[in-house]
Amino acid sequence: MIENEDSVWDGTASLVEIRRNIHAHPEAGWKEFRTTALVATELGRLGFTLHLGDEALAVEERLGVPDDDEIAAARARACNEGAPEEVLEKMGNSTGLVAERTYGDGTGPVVGIRVDMDALEIVEARDDSHAPMRDGFVSRHSTEMHACGHDGHTAIGIGIARKIGESAFDGTLKLFFQPAEEGGRGAIPTSKSGHVDDVDYFAALHLGLGNETGTVIAGYDRPLCNCKFLVRFTGQSAHAGNAPQEGSNALQAATTAIQNLYAIPRHSDGASRVNVGKVSSPNGQNVISDHAELIIEVRGKTTDINEYMMEKSRHIVAHSAAMHDVEYDIETYGKTTTFEADDEMITAVSDSAATVEGVTNVSKRERFGASEDASFLIQRVQDHGGKATYIGIGSDHPSGHHTPSFDIDETSLRIAVDVLLKTIATVDSR
Amino acid sequence: MIENEDSVWDGTASLVEIRRNIHAHPEAGWKEFRTTALVATELGRLGFTLHLGDEALAVEERLGVPDDDEIAAARARACNEGAPEEVLEKMGNSTGLVAERTYGDGTGPVVGIRVDMDALEIVEARDDSHAPMRDGFVSRHSTEMHACGHDGHTAIGIGIARKIGESAFDGTLKLFFQPAEEGGRGAIPTSKSGHVDDVDYFAALHLGLGNETGTVIAGYDRPLCNCKFLVRFTGQSAHAGNAPQEGSNALQAATTAIQNLYAIPRHSDGASRVNVGKVSSPNGQNVISDHAELIIEVRGKTTDINEYMMEKSRHIVAHSAAMHDVEYDIETYGKTTTFEADDEMITAVSDSAATVEGVTNVSKRERFGASEDASFLIQRVQDHGGKATYIGIGSDHPSGHHTPSFDIDETSLRIAVDVLLKTIATVDSR
Amino acid sequence: MIENEDSVWDGTASLVEIRRNIHAHPEAGWKEFRTTALVATELGRLGFTLHLGDEALAVEERLGVPDDDEIAAARARACNEGAPEEVLEKMGNSTGLVAERTYGDGTGPVVGIRVDMDALEIVEARDDSHAPMRDGFVSRHSTEMHACGHDGHTAIGIGIARKIGESAFDGTLKLFFQPAEEGGRGAIPTSKSGHVDDVDYFAALHLGLGNETGTVIAGYDRPLCNCKFLVRFTGQSAHAGNAPQEGSNALQAATTAIQNLYAIPRHSDGASRVNVGKVSSPNGQNVISDHAELIIEVRGKTTDINEYMMEKSRHIVAHSAAMHDVEYDIETYGKTTTFEADDEMITAVSDSAATVEGVTNVSKRERFGASEDASFLIQRVQDHGGKATYIGIGSDHPSGHHTPSFDIDETSLRIAVDVLLKTIATVDSR
Amino acid sequence: MIENEDSVWDGTASLVEIRRNIHAHPEAGWKEFRTTALVATELGRLGFTLHLGDEALAVEERLGVPDDDEIAAARARACNEGAPEEVLEKMGNSTGLVAERTYGDGTGPVVGIRVDMDALEIVEARDDSHAPMRDGFVSRHSTEMHACGHDGHTAIGIGIARKIGESAFDGTLKLFFQPAEEGGRGAIPTSKSGHVDDVDYFAALHLGLGNETGTVIAGYDRPLCNCKFLVRFTGQSAHAGNAPQEGSNALQAATTAIQNLYAIPRHSDGASRVNVGKVSSPNGQNVISDHAELIIEVRGKTTDINEYMMEKSRHIVAHSAAMHDVEYDIETYGKTTTFEADDEMITAVSDSAATVEGVTNVSKRERFGASEDASFLIQRVQDHGGKATYIGIGSDHPSGHHTPSFDIDETSLRIAVDVLLKTIATVDSR
């Protein structure tokens, strides 16, 4: 067991210990310095070649990166919490790791596995009915929490790395420890890193998702594409009593935009969505609004529909601003696309899963309800001729994803590792 | 009495007979061919120099002119109803008359009087409680009616022309028989005709306006400025069930415009108004609207405020259209401005009115509630150094202006002529 | 050939002659007095039992019925154009016919066929490139036209009635000559007539729909449900310049409603639609609007989604009105639902069609893009244990449905009759 | 000079020292515990009868009172900063002081003077070009600042109290040290305290307002009435991608409200205003908004127009909420009315001011551009037969009211005291 609060794990730690150590030190998107560094250390020990920071991803393609101060603070915290300095140095200011190693005669396929490492900005439950609290690995960070199982995903990635050498695998394994999955921010730069382009077989995976321990979904696919963006309207304030006509009302621009955004015509080729989340216009009641900020999300069944929603949105924002003589800017901070899992991968996963101890129920293909940025990796693999899927690994969870008392059933870690190892063996043997 | 339906009057007709003849043949704005022609004939007989059609006004400045077919039909109707062809020929396609004559030694001032001649597009009442029906001079035109007293105004103009020679007036009288006052369409071209520029004393007048017979308002002024315009949005239709995304929705553009028009910031320098009257978007329920038409009016206490409202409106319309990928055009079809009556004229009118038989009550200055395009003539006169006012002549009217059973008390015709003649004498003697 | 303009057909007329006679005398929804009467006469001659007017449908359930004057005028016109008075009398004020006859020993199934009879309010093309013009059977009615092939449908119904007796059919044939299909107005009252409830096998059919002659779609299904309604907002007018605050602005209510209608949240269970078609607010530019009228259509993939859209719409209309102190009323004038065709019927139709001369291409099941009120009849049949389908019969058409130069390929009439007769034989033999 | 940061002043301090001490310890509305306590101490020393807390005002009529925790914190801070505990005890939880004293034989009039004590929530400038920084009396409170001159007003009140005894005044002086003028929150409870009802002559005053030192405005009046209110919409969140139809969108309610608020018809009886200041809807981009908060201000030339604006607003908010199945509540947190200054007071002030050293320019009556809650006190005085005015005392100010570098010219303190003392003498001598 890990006792000291900020102790790190070593090569002898179990997957459960590792998962708990990560759980106790959650790091939100683009702040995964400690996680990346410790994983890199472990995989270095295992003989993997490591690509860190700007070698792991196309850093200029990153979306939704916090400002420099936040990044610096996260890096400093990681250092305080045991992340080896020399690894941090290699990472620079960007988190993320691609680890690869070739086995046997190297004539087998290149297999890629994506696991995501980022936590959420949620305050974790602190009552004793919550296992991480009871068992001492609740979040040490007041406003961050692993409430989506990425701590488990990271541990699974390590589990695969540890055991792949024991198998007859003759190809190259590439493990993508991806930052900033939440919000759809980390996959695009990872997909453009070059590391994905020669992958023959690719899988991303997710624990839970409403499936109980023992269930495996071999091919989750067809999520809605989405795009998240921030709009800032900047007008001209004026005294609302003395000279309202002298203002340029940012709030009227925002209001016109919101009403027209919700009214974007439905698309007859498939589902579309639009939502305005946060709206903030912080003026006094006697001041014509000079600033309004909106965060917006559109979705579409296809990239075309998503692009249609985005184009309409841009148009509406631009002319709502111009109508009220208001400036604006739009900043995209997250994006996902859609994909279809390949039959060959689905068959490989479902055949493999059926033989894994503890697997009680295998489903071949299901529609993925939420959005996922692994979609960009899968598209890239498929564009280069590879085969891909997105695997659901059941894990009993006491409460919903993204809630303060989320937790996973740790027995699913071993199941996931086994399903993946067998799948690798299956595709290798073709 | 005039017996035959479409008989015309001659030099022996009384003012009441003339007013009734005109009442029976109402002609809406820019269609006053018969009225203009008969008035011109009468004033020609009286020795006035006549300026007709494009000699009476700057025709290219006309607003809200009906299309060529309508004009041609109105002209043909006038011909059928007794308008002398040679006068019609001189008028060309534009109605309107300026008649002038110099009296005595010509050393006196130039005095201008504006009377308007156009009728409204209203269906006149046809029950016997309505005097024009009872007495046989109800409108012969099914959808036009003199419901604002302009028939009386025209007769008053003739009355002044007939009697001015009997006075000691030593100056020049210019009578402006103006077309298309309703909607604010005829005064701008009249004001730019050149005929107004040398006027020393100017008066426009109106019967009724809620004042009973015997009341005279020497200086009605400070109306709100206004501007009337038509907006046409032209989009792209599409099947609302099968492909709503393929349309460019003119109605959404119109709706966005309407909401933002009503929300134009109030102006702190004085009253402003905005209204959308007619909206028409004639599509089927399953068709994305490809056409929407609006008529809009803005007003302002000053020309600056009016211009502010107009500028904002243009901006809103333009960007509502662009937001929805819709074309638009804006057509101004009416305009008025504001003015302040000159004290010198107010004094002249009120002093004169006090001596006229039948005048029981004289008010010096009152705010004019509605809009009036005589405002452009008054501004022009004042800009060139002349003095001007707008006179209210009380006339009992059984129902409101612009209603089907509107009528005037014909005894007010004589009062008006006398007030004006005495006013001319007063200003001449200065 | 039919020579005299308003001659009627008799038992010797060919299907093409009948179709052309009907084409020349198009009657819009609820005005099909001549069509109903002549069809009834023909089917009476053939020995069918006739149910007319309120015996054919639940008249109180009719939607979108024109006012009494319009109905009376349509009835009088039918009389002038040769509709037998005694049949008109039986019909009363409602069009529509259900004709039934039992064949053989009557032990076979009850088979129902729905054909619709109404025309559209479209002005038919009158140039010689349009066959009905060239060949002398263009619409005699200036603003009505058979632009959706219902003239052909009616002729097909007669064709089936004429030839069924030649087959070995041992059951009961019910022919539903339905009024007012356009707008989704006639099927609900027909479905509640009682005549549908014992039908074992049911088919409705449509010519054209983009399919060329020779193509048969055995099972068109899954149309969007829809609901069409008219909203009237009644406010209080006021002078927009003098007292805008005294009005209750019907146009502001309408505008608020329109913006919120288009913004009804998309439904995650399937496609939804909303559209505002006609908007009419006929006020002057200086009058606060006291009246605004909208026609609206919502659609949904399921009846639940359609109902959701309708409920939201009602709510929005009600509170848009209340917000502006405006009265409102909502009148539903058309409605359709959705359905799934039964495999048994699809097989019967596709097997039958394959054997019909001239059929070159058979498709089993396709999604029906538009809305169809036959959906109510199909649901009723299925609710009572019967099997149903909606059949597409290809027919070259030179221009789109609902356009002025629409026409059908008359060879498809015979194909349709044969496909239906063989289908009846097929289901009878089970 | 005051040296220690939180030292308090005593009877020997000059007005400038007192003003600077108050400036250094600004207290926002309803938090003026230190200010009230120190003023009370000073006036107690001068022999005034003191009414504190619920004896000074009708506490249940207070608007916009911060929550209990904030009040308690403000009280504790005052205690730390030298406010005498026994005075704080008398005040309870409400700030505010009415101090009165009768002079001479007491046969003279009751004279009331209102000075306000509250600061603003503004961060004061801290560069050396800002005199309070340079001279060491910049705000000790990070987010509060005297940016509207109330520190000076309070000092002026003390100045009058100190010197009135030296004059021949024979009546009763009531000094109203009012809390929470900003936002229009403190005058209503003060006006209903009973202390105003027997006032014969009343004056409120303000420094600056764009007038340079030496200018006196004897009668500022006719401000717009206003009303400030907070609206909270509470809906139902839902996942915007998975089930948008399950939400009740508070933001759509807010948006509909905002657009319709700005579009409230202009009132023809005089100026009206409406503004939405802060809008806050803090949801994630993928969450249907369950909460939106708005602060709103309406104004009107008269109380009727203000009430009209308020009524319309309520109506719009209620139905915007209902339209989207959203709950709402409205909380009024500030209110002012209008008034006309009495000629008698204007004459008294202008005659007196003309004799004061340093006064270079006296204006009799000017329209007050902003809103003022002294309006409620003035109305109350006038309703009870007293005479009242609102006096402007010029004071050079380097930057605008309510800005971080606002300051006053301290020589205006003495001028103000002298103008008021002479005015009291003038009304006493009548």
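We just call them A, B, C and D in the order they show up, numbering each chain from 1.
Convention: contacts are C-beta pairs under 8 Å (C-beta built on N, C-alpha and C of every residue); 3 or more make two chains touch, one makes a residue touch a chain.
Model, not experiment: these values are computed from the prediction.
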Contact-richer chain pair [C-D vs A-C]: C-D
Most distant chain from subunit A, judged by the mean position of its C-alpha atoms: B
Subunit A-subunit C separation of Cα centroids, rounded to whole Å: 52
Euclidean distance of C-alpha centroids - subunit C vs subunit D, Å: 70
Residue numbers of subunit A (touch at least two other chains): 241-242, 244, 252, 256, 259-260, 262-263, 265-266, 268, 273, 288
Subunit A-touching residues of subunit D, taken from the complex the two chains share: 224, 226, 228, 240-242, 244, 251-252, 254-256, 258-259, 262, 273, 275-289, 292, 295-297, 299, 369-371
Subunit C contact footprint on subunit D (complex, rising order): 241-245, 247, 249, 252, 256, 259-260, 263, 265-269, 288, 308, 315-316, 318-320, 322-323, 325
Complex contacts: residues of subunit C adjacent to subunit A: 259-260, 262-263, 265-266, 268, 271-274
